[in-house]
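Input: structures, listed below.
Okay, so subunit A shows up in both of these, paired with subunit B first and subunit C after.
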Partner chain A sequence: MEQILANGLYLGAQYALIALGLTLIFSLMNVLNFAHGQMYVFSGFVCYTVVVQLGLPFIVGLVVAAVVLAVMGGLIEKFLFRPVIRRSKRDESTMLLAAGIAFFLDALILLLFGEKQRGIPKVVNGVFNWDFRLIMPYDRILICVLAIAIIVSFILFMQYSKAGRAMRALAQDRMAAQLMGVDVDRYSMIGFAMGAMLAGLVGALLVSITGVNLGMGGPTSIKAFLMIMIGGAGVISGAIIGGFILGMMESVGLSVLSSYGDVTYLLIFASLMIFLAIRPQGLMGKPWG
Partner chain B sequence: MNTNTETMAAKGSVTARILGMAAFLALVFVAVPMFIAATGRSDFYYTLTSVALLAIGAAGVWLTFYIGRINIGQGAYALMGGYVSAILITQAGVSFWLTLPLAGIFCAVISVLIGLPILRLRGVYFAMVTLVLTEVARLTALALPITNGAKGITSIPLPGELSVLGITLIPDFSTLQNPRQAFYMVAVALMVLVYLVLWRIVNTRLGHLCRSLQQNEELSASIGVNTTWLRILAYAISSFFGGVAGAMFVSISQSIYPSSFVVQDSVNFVLYCFLGGLGYVFGPMLGTLLLYFGWDLLSVFKQYQLLIYSGSMIALMLILPNGILSLLDKKEGGK
Partner chain C sequence: MEARAAWLNELGGVQIGDTTYDIQIVAFDDQKDPKRAIAGMERMAQEGVHYVVGPNVDDGAAAVRPVAEQQGIMYFPYSFPKELFSPPASNAILGMVANYQSGPAIYAYLKENKGVQKVAFVAANESDPLSQRDSGVEAAKALGLEVVSDKVTYQVDTTDFSPVLLPVLQSRPDLLVLSGVSPANAPQLIRSARELGYEGLISTETGQDASVLAEGAGELANGFISVGGASTPELASDTMREFVDRYTKMFGEYNDESNTKVYALEYIIETLKANPAALTDVEEYKKTIDTFEAPNPFMVGDAKLRYVGRSSFGQKRQVSVPLVVTEYKDGAFETLFVAEVD
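Coming up: the complex of A and B.
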């Protein structure tokens, strides 16, 4: 049981980090970022290149991946999403753009990094073993701790910094924020860059454990959608709770129902649909956000 | 005088419409087969058949857009329709032509059951639930015994003869020299039928009511429109189209697997609608043709195929964010 809970916590921490970036972008721009999973894979490959091919330490790879993704996110917002949002009649048109970017990133990854599964060597060796009741490699614990640290610092940033306050105001009411003198364009761009950066951090963290490959992007996006649906779209606490809930459900389901194969996911999806029919805005969300 | 010119204009537009329709029919039923016969690219038949069938599915998605909902779950109904048709043919020995409407009706009934709770959702919430629905459909197909799991159902016989009162309307496909061409003809005929129905829906009272839903649901409910019934109806029609498209696909590929229609396909249906333009009935058809056929043509670029495809998709979005047919808006001075 301890093992299952620990696995759930470990999965939940990384899921929450992915969902945070997605929900940040959604709350600021009302954009469903279909390319989120691809951003995550891209950053994994960036980290791999820095660590394995250039031979630099893991922490450099982490920082480089985060910076590359942040810049990419900022540019995507400024040159792609902003003009399209300004000119399109319906908000949903951005979905086509996001899907186009997802395909584009897939193509870019294929051309730049190839289609092979890539991973980097373990950051720390050894396995934590508590009386054979709980077995966890040290690198997983490290990644889990790092992920939680990033989540905490993100919350603190959103809560107390000027930029964080501006972004929260923007998420609540774009027009009112603008009237109060918030530079809407600037903070939209920063927000998008931060969302992409979170995807970048998580990609770089996970490349050290599970590795990355080209096909991971789409399924990751779908899982991230699930998490923000559980917690409520566009709410930071919702994304974190959703991430941990999905992580726990997967961990428990896969160990209890392991003999039935994919039934776990079927159950998760089906219960999610029932849950959403009863509570459409998720656990923490605002109705019709 | 004024009314006279108006009726004249209406008559003119009716003639123009009939001419346009005739031109379109001539193009798809005569010009395309002649072109393919002349160039010898019979693989285009398969591509264009797929375009026609995907356009049918996209028509359904477009109808849900018309009531203001983003439907990323059409793949689920296509898969469902495909399985219904495949199971009926292989296990009950029903004629394919009968399974085609049955698959549609099955999907419509299921969609009413699913739609009752989820159609209360709006915006991204509805979009994401339908996205999950596609995944549910795939996993259900994997888990159920009747669908034969991951192995799928294979070697489904070609469509048989369709005859009414002893007169053969459609000959047995296995006796045909060129079943590809026959499939093309059937698929295009089906597509024309679906778009006629769609066009008819949009231009009746039902269509006006749907538009009122798209603009403001509370307002239209407050003046006495039965919004729940309308939403369910539109969603059921949409799913009917999805099921028919799926069933037809199965008869062409003669096989179906749980992965025949995945989330990517559901998303693609939505993209076809966006690209063509949400304001026009024929938008999804154009969008499907451009995206699917364009992808096929770009295969000459080999590894750069996806790069060019997605690059041009992004560029198109930047130039025409409201879809290709929004070009027509400007001529008429906006909507």
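Coming up: the complex of A and C.
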């Protein structure tokens, strides 16, 4: 049981970090960023290039990946989403744009980095082994701690910084925030860049453990959407709770239900459908938006 | 195949009958989608192509069968369902060694040489890996091995395999078989198994990529047993070595499994040379299969190109390539043993 809980906690921390970026973008701009998974993959390949091909330390790869993704996010918001939101009142315009960006990034990743699975050397060697009751490699513990530290830093930033307060105001009421002098364009761009940067951070963190390949983008986006459905779209605490719940469900399901075949995600999807029928706004979301 | 075709064209083409031809490869990416595979096969038929190498997965290979049979196309899938190669089917020729041929050879070797008694299987929840798992389980039981776990599967997009492997390793196998594992998943599965304290053997019946294993699992992948390409340094002729050089120059990075794929083109060309009427009539090709024999340019000695598969399929519908079983060690594959298939 200790092992199952530890696996769930580890999965939950990384999932929560993935969901945070997605929910931040949704809360600020009402945009469902279908390209979130592809951004995660792109960042993994950037980190791989820096660490393996250029031979630089992992921390450099992590920082470069985060910066590249933040710049990419900022540019995508400024030159793609902003004009579309300005010209179109229909929500599906941004959804289609996001889907288009996902396909574009898939093609770009194939062109730049190829189709092969890539990985970087372990950041920390060794395995924590508590009498075979709880086994966890040190690099996973490190990634889990880093993911939790990033989540806490993000919450503190959103709570206490000027930019964080402005973005929360935007998320609550875009018009009211504008009337109070918040530069909507600027903070939307910063928010999108931060969302993309979070995808970049988690992609770079996980490339040292799971590796990265072209096909990971779509499934990652699906899991991120699952998490924000559970927790409530556009709510930061919801994304975190959704991430940990999904991680724990996956860990428990894979261990307890292993003798029944691959039924874990079938049950997760079925449970989610029932849950959404009862509480469509998710655990932390408000029915009115 | 493109590397070999470009090489043959550079040498002046291929003489079939009284005419010398340049080889043109018509490429189509089916993206492992059966619908796209059918569309691809129909496009081949429209373009007058009679010899197709692929598809590479079970679903795709089964889906194109009606088109191939109606349109007079011989195809060389890299997938293993026996019904594609057994009567009444006659248009498909297996382009490599099947898992139900390599699996028993590997298990028998490990039972005899490493004392393996208990085997566990884990597979992705997809048709190819699942069918490979089922035939692997059958082969292991036939050899008298105890199968201690064969129900655990995983999604192909799994990023953390520790929860997947935990119940498998609790069954304490001597050998963990990663049935039909993709090169993308293999390093993570190996790494998770080793990090969870598993010290037994790990094997698969599919081809793997040494550089991907090195990057994804490092030294934890040492000892991993897989099916290699159709060549080893001891088997490779000068032609095979030159093929590897040309392939590397053309595509930047050589994959050991590529030397399996080069055989299909060679078999097609040499069979057409033996019976030029088969250029436009695949029934003529089928007639030539049973008696066909030609020198194998990729192996040293007097090795021959010939069709095999009678014991597995009841007819000759498989190209004869060496079964090379390898063990990964420090970034490269080392030959464990070489066998032949009929």
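Quick note on the criterion: the second predicted complex is superposed on the first by the 288 of 289 C-alpha atoms of A that agree within 3 Å, B and C clash if a C-alpha of one lies under 4 Å from a C-alpha of the other, contacts with A are read in each partner's own complex, and residues count from 1 in each chain.
By our rule, a residue touches a chain if its C-beta (ideal position, glycine included) is under 8 Å from a C-beta of that chain, and two chains touch if they have at least 3 such contacts.
All values reported here derive from a predicted model rather than from experimental measurement.
Superposition model on subunit A: subunit B and subunit C are shown accommodated side by side without a clash.
By the touch criterion stated above, A:127 is placed in contact with subunit C alone, subunit B being left untouched. Of the two partner chains, subunit C is the only one touched by A:255; subunit B is not. Within the superposed three-chain arrangement, the count of touched residues of subunit A is higher for B, of the candidates subunit B and subunit C. In the superposition on chain A, A:52 makes contact with subunit C only, while subunit B stays out of contact range.
With both structures placed on the common chain, the touch criterion links A:104 to subunit B but leaves subunit C unconnected. When the two structures are aligned on the shared chain, A:271 is found in touch with neither subunit B nor subunit C.
Touch criterion met: A:216 reaches subunit C, while subunit B stays clear of it.
Computed from Cα centres after superposition, the angle at subunit A between subunit B and subunit C reads 70 degrees (steps of 10).
Once the two complexes are overlaid on the shared chain, A:161 sits clear of subunit B and of subunit C alike. Of the two partner chains placed by the overlay, neither subunit B nor subunit C lies in contact with A:153.
In the superposition on chain A, contact of A:26 is made with subunit B only, not with subunit C. Superposition on the common chain A brings subunit B within a closest Cα-Cα distance of 5 Å of subunit C. Contacts of subunit A with subunit B, set against its contacts with subunit C after fitting on chain A, overlap at residues 218, 260-262, 265. Partner subunit B is touched in their complex by these residues of subunit A: 26, 32, 34, 80, 83-84, 87-90, 92-93, 95-97, 99-104, 106-108, 110-111, 218, 222, 225-226, 229, 233, 260-263, 265-266, 269-270, 272-274, 276-277, 280-281, 288-289.
Contact residues on subunit A toward subunit C in their complex (touch as defined above): 3-4, 7, 10-11, 14, 52, 116-122, 127, 129, 132, 135, 137, 206, 209-211, 213, 215-216, 218-220, 250-251, 254-255, 258-262, 265. For subunit C in complex with subunit A, the touching residues are 125, 151-157, 159-160, 162-164, 166-168, 183-184, 187-188, 195-197, 209, 211-212, 215-218. Listing the residues of subunit B that touch subunit A in their complex gives 70, 117-118, 120-125, 127-129, 131-133, 135-136, 139-140, 142-143, 263-264, 267, 270-271, 274-275, 278, 303-304, 306-307, 309-311, 313-314, 317-318, 321-323.
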